[in-house]
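Each chain carries a letter (A, B, C and D) given by its place in the written order, and its residues are counted from 1.
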Amino acid sequence: MNAQTTPVTSPDSRQPGFVLPVRIYYEDTDAGGVVYYANYLRFCERGRSEWLRELGFSQKQLLESGGPLFVISKVQADYLASARLDDKLEVVTTLHDLHGASVWFTQRILREGKPVFVAEIKIVCVDTGTGRPTPWPAAVYKRFQDQLITT
Amino acid sequence: MNAQTTPVTSPDSRQPGFVLPVRIYYEDTDAGGVVYYANYLRFCERGRSEWLRELGFSQKQLLESGGPLFVISKVQADYLASARLDDKLEVVTTLHDLHGASVWFTQRILREGKPVFVAEIKIVCVDTGTGRPTPWPAAVYKRFQDQLITT
Amino acid sequence: MNAQTTPVTSPDSRQPGFVLPVRIYYEDTDAGGVVYYANYLRFCERGRSEWLRELGFSQKQLLESGGPLFVISKVQADYLASARLDDKLEVVTTLHDLHGASVWFTQRILREGKPVFVAEIKIVCVDTGTGRPTPWPAAVYKRFQDQLITT
Amino acid sequence: MNAQTTPVTSPDSRQPGFVLPVRIYYEDTDAGGVVYYANYLRFCERGRSEWLRELGFSQKQLLESGGPLFVISKVQADYLASARLDDKLEVVTTLHDLHGASVWFTQRILREGKPVFVAEIKIVCVDTGTGRPTPWPAAVYKRFQDQLITT
């Protein structure tokens, strides 16, 4: 099995959530010698995708079913350190503020347990026909509720 | 000459700032049929790069001189609409909140004058040796001051 | 108007073809300080897209019409030099070996008239339903014929 | 441990070589609903990077040591099928035609054991000072020799 789909325990015991390991390759870096700033959002999306897969949801099925799309609405990101070539990072994904047609994710990207990037990302459930927000399918809402981090 | 380096007047007369045209290609889109969310940050960086070039600053010289780096510190982005293949967008870049070692950019990405993406992006001037914030070089600070949008 | 869609004369007078200017940004480079090798194929696709637009074909219309897709079949690329941050390149696109359901492009990426990358790229016309090769639409075939470089 | 760094046996028993699993995310796809053609080269580079790591070579150390760079010289690629969102692919990397200052890789990208992409990629050992080809370091040459596929 591919560890890319395996949730593991975060090295940071204060940080629950779904953890996806990400290795940094040349494709991720820029001439400054560090990871290009937009690429952290690629890693976050990998984390959300594997988290959804873990919950039993296939984005491919959602896409092909013509069902509602999960659309990015807001990104609030803090760049705390610079990741570099060959770094082994961990994307830690947690859920909070679940609403009828939207939800906020907190995604922390760690290197050796220390955050290099932290983002709050709002996803909205959008009807593919109207392009307007629409309530989460009941099964999705229920699964998201189970995942809420209560603090 | 290449329009990529030519500031033009925004179609939105209420919006001053430096305008860079960006065309959407297959590389920018994803299987959802729209521009992949991280790629708007690529377009913003093109806008900032051409704006800096317009001010007479070469990022390549800054990089090779070992001088201070302009490092992304924060991104606060709102996704307002979905850009698609072949769209002609405009990245409108303005400057505000200039401080001794940091500055905020507002970058609006427009299609036919209507915003599809708006971001507030904080850049910090960082000493390449220490990795710590360091005051803007005087010449940079002066040029940035000239560009401040006063509202 | 956006020079990205303007064919211009190549600085290399021995080189006919459609020329698209491309500027190198941080997004295009890697930690080696040069353009990441896969990205030259992004620039080639921009060149083919603008060349098609120049011929009057919209890839978006082709995509949305459910009409045949132009699918990459082969890439034979030579890396001759390294492009770097801020470089102004030109993608020179020419057509040869037009067949009933396929065609070869030669795409040369130049810096100051000297090639840094040259590729032969085979495109096949594919029926979206069957996924099999299908003859070029007559209008496309005719336009491609007009563009053939006879040597 | 992260399977991204774990060689596993290919499902295709006729295919020796180093195998890296790759999952397809939205970032890898385009509006055509398939993996964007340049991205297969990103996957190939991940495969070569993990293969080098498996041999005990760190590209980061090579980069920071100012030692010779491994530079892409040629890519000859055949696109055989279209990978899609959520696909689990395997990048199978083998070595052949080892010369004093260059080497050819064969990289096959498989889905359920069937090839979707195959490339022959020539890498040259280049002196960072002169930018000219230079002999492989003895340790590298020896390890490459051990990996040669003799057919």
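One rule holds in what follows: a residue touches a chain if its C-beta (ideal position, glycine included) is under 8 Å from a C-beta of that chain, and two chains touch if they have at least 3 such contacts.
Because the structure is predicted, anything quoted here is derived from the model rather than measured.
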| item | value |
| --- | --- |
| Pair with more cross-chain C-beta pairs in contact, given C-D and B-D | C-D |
| Matching chain pair for A-D (criterion: over half of the contact pairs shared, by residue number), options A-C, B-C or A-B | B-C |
| Mean-CA-position distance for subunit C and subunit B (Å) | 27 |
| Between subunit D and subunit C, distance of the C-alpha-averaged centres to the nearest whole Å | 25 |
| Distance from the mean Cα position of subunit D to that of subunit B, given in whole angstrom | 35 |
| Residues of subunit C touching at least two other chains | 26-27, 31-32, 38, 42, 45, 63, 84-85 |
| Complex contact set, residues of subunit B against subunit C | 1-6, 21, 23, 25-27, 42, 45-46, 49-50, 53, 58-60, 63, 84-86, 88 |
| Subunit B residues within the subunit A interface of the complex | 31-32, 37-39, 41-42, 45, 63, 69, 71-79, 82 |
| Touching residues on subunit A, where the partner in the complex is subunit C | 26-27, 29-34, 36, 38, 84-85 |
